[in-house]
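These notes open a run of structures that come right after.
You will see subunit A twice below: alongside subunit B first, and alongside subunit C after that.
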Partner chain A sequence: MNPWIQFFRSEVGLSWRERRRALLPLVFFVIVASLFPLAMSPRPLILKLIAPGVIWVDVMLATFLGLESLFRQDYEEGVLEQWILSPSSLELRVFLKVISFWTVTSLPLIVMSPILILWLSFPVRALGILLVGLFLGTVTLSFLGALGAALTVSLRQSGMLVAILLLPLATPILIFGAHSALLAADKQNPRPALYLLATLFFLTVGLVPKAISTALKVSYEV
Partner chain B sequence: MSSGLAIRALELRRGRRLLSRSLSFELAPGGFIELSGPNGSGKSTLLRVLSGLGRLEAGELLWDGRSFNCASDEHRSRTLYLAHTDGLKGALSGEENLHLFASLRQFRDRSEEIQEGLDYYEMTGLKSVPCLRLSQGQRRRIALSRLRAFPASLWLLDEPTTALDRGGIDRFADHLSDHLAAGGMAILATHQSLPERLKPAIRIALGRSS
Partner chain C sequence: MTQFSLFFHRLASPPHFYELSKPWGRAFSWIALVLILVGLFGGLWLAPRDFQQGNGFRIMYVHVPSAWMSLFVFMVMAASAFVGLVWRMRLAYAVAAASAPLGAAFTAVALVTGSLWGKPMWGTYWVWDARLTSELILFFLYLGFITLNRSFEDQQTGDRAAAILALVGAVDIPIVHYSVDWWQTLHQGSSFKGLTSEIAPSMLWPLLVMMTGFMFYYGWLVLWRTRSEILLRESDREWTKRVVGS
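Then we have the complex of A and B:
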């Protein structure tokens, strides 16, 4: 078997073995989304207006929640050292690790989001745009979050620090993502927002793996 | 031009602390170096620099008379570094860990060699148990099987015999002798004395850090 495919399978397999932990972000996602109708007002008119924002903020928080410890265990077990010392591309390995995280953690959020957003009186016709936006957004957020996890891998108790570091960086994704869904619900053209989101997606996927590998290497140099 | 590894005027630092101003030695194929010194004297730091994990502050490294970069793929594929953490994923079994390691080293199929390595360190019976449930000594044996299953001309070993029982240490000593007899090199940082028959080419005692 190709070594890269073997590596990816082993990463996904590992997350699957610890699926109870991968399930936490999903449970968090569902609970937070259902808090809003309770706290604000169950009137459909209001819910429809806030639905995309609620889902997007919720997805963002749930993704970061799971990402904070992305490299922690590999770091503590000394496996990350072996990654860095491997005579192969660290960038590609990091890329596969983030994709495997996305598959196990963010994909279930995307699958769950139509159910939640329909609870919030969001029109069915705009679901397609919401899902496309969420796909682009969660991948981008996963890479950004992985960068935060890599920068703080050698620190203990870094959860809040990662959030503070990343949330400002993630706001453009939130703005374009939530607005594309809102525009679609309002029967306006959501494309410009989606295109901007796609730009961020390609920039992040292309450049951030390099930054993550540098951050990981530096954490061993000191 | 000498074959083997040569270090000239290497400066060792941990953080801002200077551990060694100018370290020089040469190691010919078939020999090994025993690093000793009190805690914090820079044994691990030296191994990390040579593995490419730590940063080279100052100094020159030569392989077969040619200067090299520790972070190059060429150096990485001829070196195996074993840190005091075993580098094993707790959720995976010993065998799965070795297969994962094979994918890190870009090997397609190493099943036979992995089997042989586990056999050698008498871990065949426990190869399917998650490493989390193994004792420290057993984990160490699995980590050492790596050296058996994956060829490398330079071993960098940080306290390789920690937690090993007598039999395990003997096994390791035999293994090291085989490696050296085949023209391999090794640098060991150790507090425990190795069996008599293993004679290091050089003993380097790093000083107390001040």
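Then we have the complex of A and C:
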């Protein structure tokens, strides 16, 4: 079997074995979304307006908080050092690591979001656009979040720090993502927003693994 | 090696920079003082009242240079981060670390003066205008850089981590600005026309003088702050002990 596929499978397997930690973002996601009707108003008219924003902010926070410790264990156990020393591509390894994280943590969020849509009385016809947007957005956010995790890998208690570093950088994703869903709910054309989101997706997936590898090397002074 | 590149190579050495920056910083400080005084006099005294905004427009003589500097300083930071990461130049990291709080301060001044101007002109301190919003996000980016830079026990790790953040931020700032612009036009027409019409020469020249003055002011402060950053980073070196001891 191709060693990269093997690597990917073992990464997914490792995260799956720690199911509790992988499920935490999901529980967080659902609970936070249920707070908004309580805090604002249960009236469908208001909920409908804020629903995409709530879901997107919620996804952002859940992703960044969950990613904080992405490289922590590998760093402490010296696995990261082996990756850096290894002659095979660090970028590709990072890429697969982030995708494996996404599969275990973000994919469940996307699967869960239709239920939140019902809670927040969002029109079902906009569901498709929301899901496409969430798919593009969560992958992009995962790569950004991994960059934050890589920058702070040698620090303890870095959750807040990662959020402070990344939330401003991630505002374009939030804007395009939430507005594509809003436009779809308003029966307007959501495509421009989705295309822009896709642009960010490709930009991030293409460039950020390089930045993550550089950031990981920083913690080893290479 | 030409005279010119020799000059740069010597500039990159911290002890040499430490010596050179003192007369330069002093010169910059005087130029900045004169320019800002002249600009303030021209802007607050000589320039005529605006026929629509009255005297309120005069806040732009502080606001516009600050807003401009907030972007300029980030460019300086990103450029020094790049130099530091590629050529491993310690001095470049010191310049980036010295610039960040200055940039944050310029951004804060731009935001506050903008709000003060907005109250009488728009009737509110804050609107989610495209420029205001991207300026606010720029401020958050500065805070992130400063926090990350100071978070590590080893200053070199902090420098390099923050340098990566600065480079990513430099790529992201145009995207943020564009996205906020797009978002804004989606909601409402821009309430901010600002300096669309050409400014009368009698109002313009003090602004240009102020902008140049702010540049020199930043130049002076960044040299001064870089000097302390160098001392901090090189505190175990022989030359530092010599300099501080004397």
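Note that in this section the second predicted complex is superposed on the first by the 221 of 222 C-alpha atoms of A that agree within 3 Å, B and C clash if a C-alpha of one lies under 4 Å from a C-alpha of the other, contacts with A are read in each partner's own complex, and residues count from 1 in each chain.
Going forward, a contact is a pair of C-beta atoms (placed from the backbone, for glycine too) under 8 Å apart; a residue touches a chain by one contact, two chains touch by 3 or more.
If you're wondering where the values come from, they're calculated on a predicted model, not measured in any experiment.
Chemist: For A:152, decide between first (touching subunit B), second (touching subunit C), both and neither.
Modeler: Only subunit C; A:152 stays clear of subunit B.
Chemist: Answer with first, second, both or neither: which of subunit B and subunit C does A:10 touch in the superposed model?
Modeler: After superposition on chain A, A:10 lies in contact with subunit B alone.
Chemist: Check the residue A:175 against both partner chains and state whether it touches subunit B (first), subunit C (second), both, or neither.
Modeler: Touch partner of A:175: subunit C, not subunit B.
Chemist: With both complexes overlaid on chain A, does A:221 touch subunit B (first), subunit C (second), both or neither?
Modeler: It touches subunit B and subunit C both.
Chemist: With the two structures laid over each other on chain A, which partner does A:2 touch: subunit B (first), subunit C (second), both, or neither?
Modeler: After superposition on chain A, A:2 lies in contact with subunit B alone.
Chemist: Output check: A:41 vs subunit B and subunit C. Expected answer is one of first, second, both, neither. What do you get?
Modeler: A:41 contacts neither subunit B nor subunit C.
Chemist: If you lay the two complexes on top of each other, which residues of subunit A touch subunit B in one and subunit C in the other?
Modeler: In subunit A, positions 221 sit in both the subunit B and subunit C interfaces.
Chemist: Considering the complex alone, what residue numbers of subunit A touch subunit B?
Modeler: The touching residues are 1-4, 6-7, 10, 14, 17-18, 73-74, 76-79, 81-88, 220-222.
Chemist: Give the list of subunit C residues in touch with subunit A in this complex.
Modeler: Its residues touching subunit A are 85, 137, 140-141, 143-144, 147-148, 151-152, 156-157, 160-161, 164-165, 167-169, 171-172, 175-176, 178-180, 182-183, 186.
Chemist: Across the complex, what residues on subunit A touch subunit C?
Modeler: Touch residues, subunit A against subunit C: 147, 151-152, 154-155, 158, 161, 164-165, 167-169, 171-172, 175-176, 179, 196, 200, 207-208, 211, 214-215, 218-219, 221.
Chemist: How about subunit B: which of its residues touch subunit A in the complex?
Modeler: 15, 48, 51-55, 73-74, 76-77, 79, 81, 83, 85-92, 96, 99-109
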